[in-house]
Each structure stands twice: as structure tokens, then as C-alpha cells.
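In the part that follows, the structures are each spelled out as C-alpha cells.
You will see two complexes here that share chain A, one where it goes with chain B and one where it goes with chain C.
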Partner chain A sequence: MKKIAVCYKWVLSDADIRINERTRELDMEKCKPQINEYDRMGLETGVRLKEASGCELVALTCGAATEASAKDALSRGPDAVYCLDDPVMAVADATATSKVLAAMIRSISDVDVVICSEGSSDQYAQQVGPRLAALLGFTSVSYVSKAEVQGDALLLERKLEQGTECVKVIGPVVVSIVPDICEAPIPSVKQILAAKKKPSIKLGLADIGLSADSVAPLLHVAGVKAPLSERKAVRLNPDGVSISEAATALARQLAADGIL
Partner chain B sequence: MSKIWIVAENTAWLAVLAAYAKSLQPDGEITAFVHGDEAAARQGIALGATAAFALPLPADALWESYTPLLAEKARAEQPALILLSAAKRCRDMAAQLGALLDAPCFSDVKNLSLTPDGVSGETLVYGGAGVAQATTRAATVLATVAAKACDPALADASRSGTVATLAPAPGAAQVTARLPREARSVNLDGAAKVVGVGRGLSEQKDLAGIEALAKAIGAEMACSRPIAEFFKWMPEERYIGISGQQIKPQLYLAVGISGQAQHYYGVRDAKIIVSVNKDAEALMNLNADYYIVGDWKEVAPSLIQAFGAV
Partner chain C sequence: MADYDAIVVGAGVSGSTAALCMAKAGMSVLVVERGDRPGVKNMTGGRLYGHSLETILPGFAAQAPIERTVIREKISMLTGESCCTLDVSSARFANPASASYTVLRAEFDPWLAGKAEEAGCDVVCPASADELLYDNGKVAGVRAGEDELTADVVLLADGVNSPLGRKAGLKKELAPDMVAVGVKEVLELPGGVINDRFNLEPGEGAAHLFAGEPSQGMVGGGFVYTNKESLSVGLVMSMHTLTASRSRLPDLLQAFRDSKALKPLLSGGKLVEYSAHLVPEGGLRMLPTLAADGVLLLGDAAGFCLNLGYTVRGMDYAIASGMLAAETALEAKNKGDFSAATLAGYTTRLEQSFVLRDLHTHQRAPDFIGHTSRLYQEYPQLAEDLLTGLFTVNGPSTLFIKKALPVLSKAGLFNLLKDAFRGARSI
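So, the complex of A and B:
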């Protein structure tokens, strides 16, 4: 193993999405960007493989306004971060993202292990890792819940519907992890300070030999709407109502609804 | 008339994909690929495919190593649409095939349709908080399709077609062992009442209090993803959500679950949703029919008592 590259997506947190009740559109105004939750486990997996193998570890991302992610990514352990930052990537689909990441990896020398996570919290298409492998001509091993270094080889465990599949890979590989592979520790103050001294490389499409046309998405999103929810959201214990009164009210209500 | 390929995880899914393909194009030509032996492929013919290929699980290689072979065939045959099971191996294959063919993929597609202007379909975004309407004009389009996307096609053994078994290309990955998962003991699907627990519980022994509540109303137990995957307090078949089980019980009672979109997606079709959460503003409360704000340790015993009294 020479160099590990962990890919992460800089996504808007979904916790603060508001729904416009009239248009059913998603209002993302209050949502802050963050490193995709599952990619934080990908970064930590990279750190552990680096410790076990002694090789180099870099992180990379692509998208619009991704440069802001560099410090957070660096504080999670990589030696350097590459941020491809281009407004055209705001509408990227998995085809575009994987093409850009593949070109970035080719431009960074010696990468032979790529780590992605199962999916991102926004699109969750579960496509980018295996696509990247096919584009790079690397082996794809997806849904990985355990990764260990054994000499030149990686010993991986995949979590599939049928059970566990144990895989040994020598040579270039894209490992797509599932979130239970490890915990993603919150960076310490020391790590955050150290991150400031590490290199962060900002790239544009031209730097990796791509044109905006070559990464136009193949899926065109015409619109995003929130599904209708017609739940009443009745609080059974407003001020002055005790929990046991609320419980009784619920039991009566469910009996009236024919559920109990 | 365009060609449709179906790539299935098993024969049950094959029947669903065959029906799905027919619903898109009643007289279209279907080619089936199925994880299994030649008998499984013959089932593809009985379900309406004109040609069917068996992709048996290689002894020491990944099943996905059939991908380059399928890409080569796809380049020759130019299917308009490739429908694959929304199961892990098929998802991986869909992505690799998509990359090799420069074709987009609708993941877990809903309302797919073929139009003169291309293919349109819906996918979920932000864990189900939104539904994206997308279109593409790509020559070949892939989609992964849920096991319950439609009623299965009926097999007719008198149908005829060609059947063959493919051999995968050698790859660098060597499968050293396959450990089957423990037998499933759960059928959340058919349960009328389900109680789901989340990280509002602080330790595994807290489950006992909720199990007593579930027992009081004859409900199955379920949970959020971290409870199953991270804490491993419950088997993974019991976690609900976009990447877990999607259920439609009469009653879903969520205890100590924040109700993020990814979880809520799995119960959005429940008839009645009740939430118990100490945070009044928790999404699970705001998206429930009824909710009680409080510590479950106090609420659960009250509920057991109240349910016992009706």
C-alpha cells in the first residue's frame, strides 16, 4: 500500500430542512454544510489503515464551495486535503462526481486504496464508490464493515443481505464502507490546531484536465418536493396535563380508532 | 420497441422486475440475468424474458465480477433500460455498469417511465425529506428497484427462450469465506403494531421496560439504525428506515427516537404514529399523530397501565 485517499462529500445537514407548506418545496436556508456523516467514518477508517500500514493518507472532495471543508477534513487525520471547488458541481449527479473524483485520483500520484462511504445523506444513491472503481480500473469492494491490513493485502468484510463475505485484495481497490465500521471521533483541540499546518490544495476542473461539459450530469433534476404529511401532531400532555392522564387519553383514542 | 434488461438478486425479485419491465413496456423484449443456477435462469423465461442468463455465485470471487461481461453485452445490444434489484451486490453492479457504459442510475426508483424524450423517474433525497423528479436522455439508463415495487409477474412454464450460464472474469479480489447470517426470527412486515426504540434509551437493559410495553399491546419491537448497527442491541432486521425495513403497521409507537427523515421514511405509511420523546420539538413528535413529551422511563409504565385499562 502506497497512498490512501478518502473521498468525502460536503453536504448540507438535513436536520434543519424546513418545508414550505404551500409549495412543498424544501427550504435549505438554515442548513449548514458539513462532512457527510458516513464519510467521517471513512476518514477514521483511513486513519486506522494508515496507522497499520505506515502509508500516506489524503482526503479529497469535489463540489461547489468545498474549500470551506478543508479544516474540518484535515482535523480528522489526513496529511493533506484536495478540494475541487467549482460551481458547476452544484448539480453533479453520481456520474459527474465519480468522473471528477477519478480524475483527481489520477492526478495525485501513487493512490492505490480509495475509501468512500456507502452513501451521502443528500442523494444516498450508493453509486459513487463502485463507479469510481470501474472508472479507475480498481477492484470495488462495497458495504465493508471491517478492514484490516495484512502485509500487502487488505482483508475486508462485506455486510450483505445473505451474511458476511470475507474478501482479500492485493492491488488497487476502492473500499466503500458502511457506518458501523467504526466510530468517528470528534476532533480534539490539538488535532484542530495541527490541521492549520497541513496542506490544503484547491483545484478547479481545468487543473485535472476536465471541462464543464464533460462533467455535466446525466440525470437532470426538474424539482424536489416534500411528500405530503397529514399527521395531526397532537400533544397529549400540554401544560397542566400529567403523563398518566396523557397515557389514558392515548389509550382511549387508540381504542376509538380501532387500533387497540 | 426498446430492449429492457433485468438483473435480479434472486428468483422472487426476478418476478418483480419482470412485472415492472412489462408495466413500462407491455410488448418489450426482456433479457433476464439472475444470481443463481440455470434453473433460476429458466424461471426468467417462464416470467416472460426471451433470453436468460444464470450468474451463479463464484466460489472464490465476488459476484460483481460479472460486470465487465455484462458491460460488453450491453454495448452490443444497447438496452434502453437496465433494471436491477435494490440489493447490495446488484447496487454495486449497477454503479460499476453505469460507469462502464457512461449511463446514469435512478437509485430505488419510483414512478419510472419511458417517454419519447427519454426516461423519467423519482428518487429520494435528504433521507426521504424530499422526492426529486429527474429525467435523462442517456441511451442506456439504469435503475435499482425495490423488492416490493409491484406485484410479481406470473410464471408460465410453456414459454420458451434461450438459457445460458455465464462465467465471470477473474478479478483481484479473492473471497476467502462466506458466513451466512443467523436465521431471521422477525416478520415486521406483517405486524399490526410496532414499537420502535432509539438512542433515547441509555443502555441495553432499558429495553426490558419497552418490551413490557410492546407485550402489553401485542406489538413487535423495532429500532433506529444506530440501535441495531452501532449498539447491536437488536438484530439488523429490526431497524426501520430508508436503509432498513419499511413497514405499514396500524400503529407505530416511537420511543426515544428523534425522527430524522431517514428513519421516518420507514414508517411514513403507518396508519397511526405515536411518539414519546422528552424533547417537545423532536421531529418524531412533529410528524406523529399523537405525542407525549416526557422521559420514557416515566411514560412507558403509564402507557402499560392505561393500555391495560381499555
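So, the complex of A and C:
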């Protein structure tokens, strides 16, 4: 292994999403940007593989206003960070994102291991890892819950529905991790301070030979609405009727609703 | 050589001010803050008196995320049936040299910490300073997790509980009659609705304090501050009477919100934030050791807070203490001596400034306010009896004094005179 590249997405924190109860539209105004939570495990996985192999580790992201993410990303262990920062990427879909990341990875020499998480907290398209592998001509290994270095090879465990699959990969690979691969530690003070001294490279689309047209999304989001749960608000024990009466009423209600 | 000239623990208003002033003077400064962002662990009822920050950052209100400029001051005595209010609104309140602003710490503190960062400080969060490091008995840095970070001087701006101040033996455990507990809800309302309900122009704010019913006879009071598009509503209750009672703070707050005086003001407000915090109210009686070898105590950690019933101050003292701590640290750096003897200049500076002078002037206030139960029960009742009597017409008129005397004697003229005298000497 020569160089590991961890891809991360700079997303809006979902903790502060507010829902307009009338229109069910999402109000993201109070949401602060952060590194996609699963990608923090990707970065930590990269750090562990770097420690085990002694290779280089870089992080990369693409999107709008991503330069602000550099310090946080660098405090999590990579030697350098590449931020493609372009407003047109605000509406990028998984196709555009993988195209841009592939071009970025090609422009960085020697990358032979790419780590992605299975999905981002905002779109969770679950496409970028496999698409990236196809574009780069790398092996794609998805649902990885454990990664170890063995000489020139990577030993990977895939968490599948009916069991665990162990694979050994030699040569260029895109690894898509599941979040339980590891915990992402909070960076220490010294890591945060050291991050300031590491290189952060800001790129535009032109720097990687792409035009705004070439990354126009194929997928158009028509709208996003919050799910609505309507409660029936039926009281089965008004005026303190006996438990058995209430239970009978409940059974009748559930039967009427077609649940029983 | 140490990693930094100074390490500041806590990015609240005192810590960030100290960091800003030291960095401006060319010192290398690290600020560690345990919250994810500055301000997330901090709380205010709602109002910053701007004068001390104005001396450091003139015209700060134009660029800082303040909510509104307070031009209207109200104090109400509440009983179950009545609300008697002193209501003063004046354009004079907007004079920048003495203006006060409603603020939300989650907005304000990151801005101030940002100013420190712009001036060249390293601000790191979340990072919790767990221990102080010592070198020959002198504080020489902090340990945060596994990291040891060294500095010539450590400024403890770690809040009312000041865990590091206690570990360093500068400060005792907080006693129940030295602290109050504040609880606050932020209720969202459109700015225009707030303007209408409080009779304000856009940008103008109101500060409304309440005595009587909200504290249910215990030592404490209620408040409402107007923000841009929300109201800060809460109570500050002295710990010693609250813990002695069976009352729960959330219940008291609920009752306060539902009181007749408040309900229409808050109607339709959507709860967006709930917070609670300790308030140091012991004044000089809880004054800690402010400076020792390699260490200074700032803001709430030092207990710089003053509640006089009509004004409640803390952040302006915290900011001033940050500035004075920075001056002292710079002096120590220039002398190359961070011993207690040099750092004692901090205490001297505080004594010469309004910070400790105010605490001296009002040194009887914590005792008067904290232990005169009549202020919370009898006097709101007296205000009600006296003032509703003034406006009641039910037939033949009598001289006001004839209405007033029985009311006053019910409260006890001797008590009234005694409390008036004690009040005059303390607040």
C-alpha cells in the first residue's frame, strides 16, 4: 500500500433540523455543517491502516463551502486534506460526486486504497463507493466491518445479512465501511493544534479538469417532506372503565383497523 | 520553554476577553473549551451590560450577535390577583457607554471567541482541561485528556463551579446560600409580535423582572427578556430556600409561565431551548483566592456577580476581570515573573476597578436579599393592597393616607423601616 485516501462529506448536522408542522418542509437554517458521522469512522479506519502499514493517508471531500471542513478533518489524523470547493456541487448527486472524487483521486498520485462510508447522513444514496471503484477501475468491497493489513494485502470482513464474508484484496481497492467498524475518537487538543500545521489543498473543478456542466446532477430532488404520524387519539378507558372492558374495546378497535 | 505564554480554561465571556486582550498584546495564547462550541455550556438570563466590552471593542454592538438594545425596564410585584409594575422606557438607555443588550450565549460567545481567534489565539473545543500541571509548586499548564500543555500562566475561566479552581485550593466548595439556580426557557415568537406585546420598535428590547408570586415566598424572582425573535423566560431561585422547600424548579417555572401577568405575553411561543445554571450570588463572602503562583481566577469562577433585585450583573464583571487578568499576565510576562507576588497585581487591579468596588459597595446586599423573606411575600402583598386601594372607587372617597396606614401597619411599620434602612445600606 502506498497511499490511503479517505472520502468524507461535509453535511449539515441533522440534530437541528426543524419541521414546519403545516407544510412539513424541513428548515435547515439552524443546522451547522459537520463531517458526516460515518465518515469519521472512515477517517479512523484510515488512521489505523496507516499505523499498521506505514503508508501515507490523505482525506478528500467535495461540495460547496467545504474548505471550512479542513481543520476538523486534519485533526482526525490524515497527513493532508484536499477540498474541492465549488458552489455548483451544492446540488451534486451520487453520480457527480463520484465523478469528482475519481478525478481528484487521479490527480493525487499513488492512491491505491480508497475508503468511503456506506452512506451520508443527508442523502444516504449508498452509491459513491461502488461508483468510484468502477470509475477508477479499482476493486470494490462493500459493507466492510473490519479491516486489517497483512503484508501487501488487506484482510476485510464484510457484514452481510446472513453472515460475515472475509476477503483478501491485493491491489487498488475502494472499501465502503459500515459504521460499526470502529468508534471515531474525539480529536485531542494536540491533534487539533497539529491540524493547523498540516497542508490543506483547495481545488476548483478546473483544477481536476472538469467543467460545471459535466457535474450537473442527473437526479433532481423535487421536494423533501417530513413524515407525518397521525394519532387516532382514542381513549379506551374513559371514566376508568375496568381493564377487561378496555381490553375488549382495544381488541375491537385493532380488529376494525385491520391490524388483528 | 512552555508551549504558550498563557492558557485560558473556558471560552465564556471572561476567558475569551482575556485571550483576546493577551493576543492583541502579542502573547501566545491557547483557549480550551469543553463545549462543542463556545457558548453551548453557558447561560445568561438574558442581559449584557455593554460598558466593559465597549472599552475593549468600541462599537461592538454593531457587529456582535446581540438580540436587542434594552430601552425598557420593568419590575413587577406579582400576587395571585394583582400585578403592580414600575415601567421605565427611555431613549437614554440606548447610550452606547451605558447601554445593555439582550443576548443568547450560544450566539454571542462564539462571536467573542472568534475575535480572540482572529487576534491569533488557538481556540480548541471540545477540550476539557482535567488537571493543572505544576512545576515546583507553580501552576505550569493543564492536562487535557492525554495531552499535557504547558504555559507560564493559566487563567481559570472555568465557570461557577470552577473544578480546577477548587483542585488548586483557590476556592471552596459552593455553599447553598452562596448560589442561586437559574432556569430558562426560550420561546420563539415572530419579532413583530414581540414588538407589539412589549411596545417596542424593531431592535429595541425590554427587560422585565418579577418578584412575589413567581418564587412562591422563597428567595428568588422571575424574568422575561426580549430577544430578536424569542423571549427568554425564567426564574432565579436561591439554593438554600429552594432546597429547604419541597418545590421543584420546573413546577415553579410552569406556574410562572401560566401566571396571569405572563400568559398573554408568552401566548403562542414555541419552546426551542431549555437550560439551567448556577449563579454565584455570595458576593465578597465567597471571594476566592484570585491569584496564586502561575494561576488567576476569572468571571463566575471568581464569583463576580451582583444581584440587587433591580439589576443583575455578571457578564460585565466577567469581561472586566478578563481584561484585568490579561493586563496582569502581560505585566508578568514583561517581568519574566509569574509568581503569586507579581500576579497579585490582578487583585489590586480588581480592587481599583468597579468589579471589587461594586462588590464592596453592595457587600451587604447578598445577605439582605438572601435573608429578608418579607421581600418575597409581605412586600408584594403590601404593594398590591396599597396600589389597588389607590385605584378602587366604591362610593365615598377617603384620604389616601387613611387607606395606606392600615396596610402599612399590617406589614409592620418597624419591619418596614428596618428593611428600608438595611436596603438603603446594601442595594
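Quick notes on this one:
As a convention for this text, the second predicted complex is superposed on the first by the 230 of 260 C-alpha atoms of A that agree within 3 Å, B and C clash if a C-alpha of one lies under 4 Å from a C-alpha of the other, contacts with A are read in each partner's own complex, and residues count from 1 in each chain.
Going forward, a contact is a pair of C-beta atoms (placed from the backbone, for glycine too) under 8 Å apart; a residue touches a chain by one contact, two chains touch by 3 or more.
Computed from a predicted structure; not experimentally measured.
Between chain B and chain C, it is B that contacts the larger number of residues in chain A. When the two complexes are overlaid on their common chain A, residue A:193 makes contact with chain C while staying clear of chain B. Of the two partner chains placed around the shared chain by superposition, neither chain B nor chain C is touched by A:88.
In the superposition on chain A, A:201 makes contact with neither chain B nor chain C. Contacts of A:55 after superposition: neither chain B nor chain C is touched. Once chain A of one complex is fitted onto chain A of the other, the partner contacts of A:80 are absent, as it touches neither chain B nor chain C.
Within chain A, not a single residue is touched by chain B in the first complex and by chain C in the second. Residues of chain A that touch chain B in their complex: 14-15, 17, 19, 26, 93-95, 98, 118, 121-135, 139-143, 155, 158-173, 176, 178-180, 183, 217-227, 229, 231-237, 243-244, 246-248, 250-255, 257, 259-260.
Residues of chain B that touch chain A in their complex: 9, 62, 64, 67, 87-89, 91-100, 102-107, 123-136, 138, 171-181, 193, 217, 229-230, 242-243, 250-251, 260-262, 268, 271-274, 280, 285-294, 298-299, 302-303, 305-307, 309-310. Those residues of chain C whose C-beta lies close enough to touch chain A in the complex are 30, 32, 122, 124, 126-127, 144-147, 149.
Residues 186, 188-190, 192-193, 196 of chain A touch chain C in their complex.
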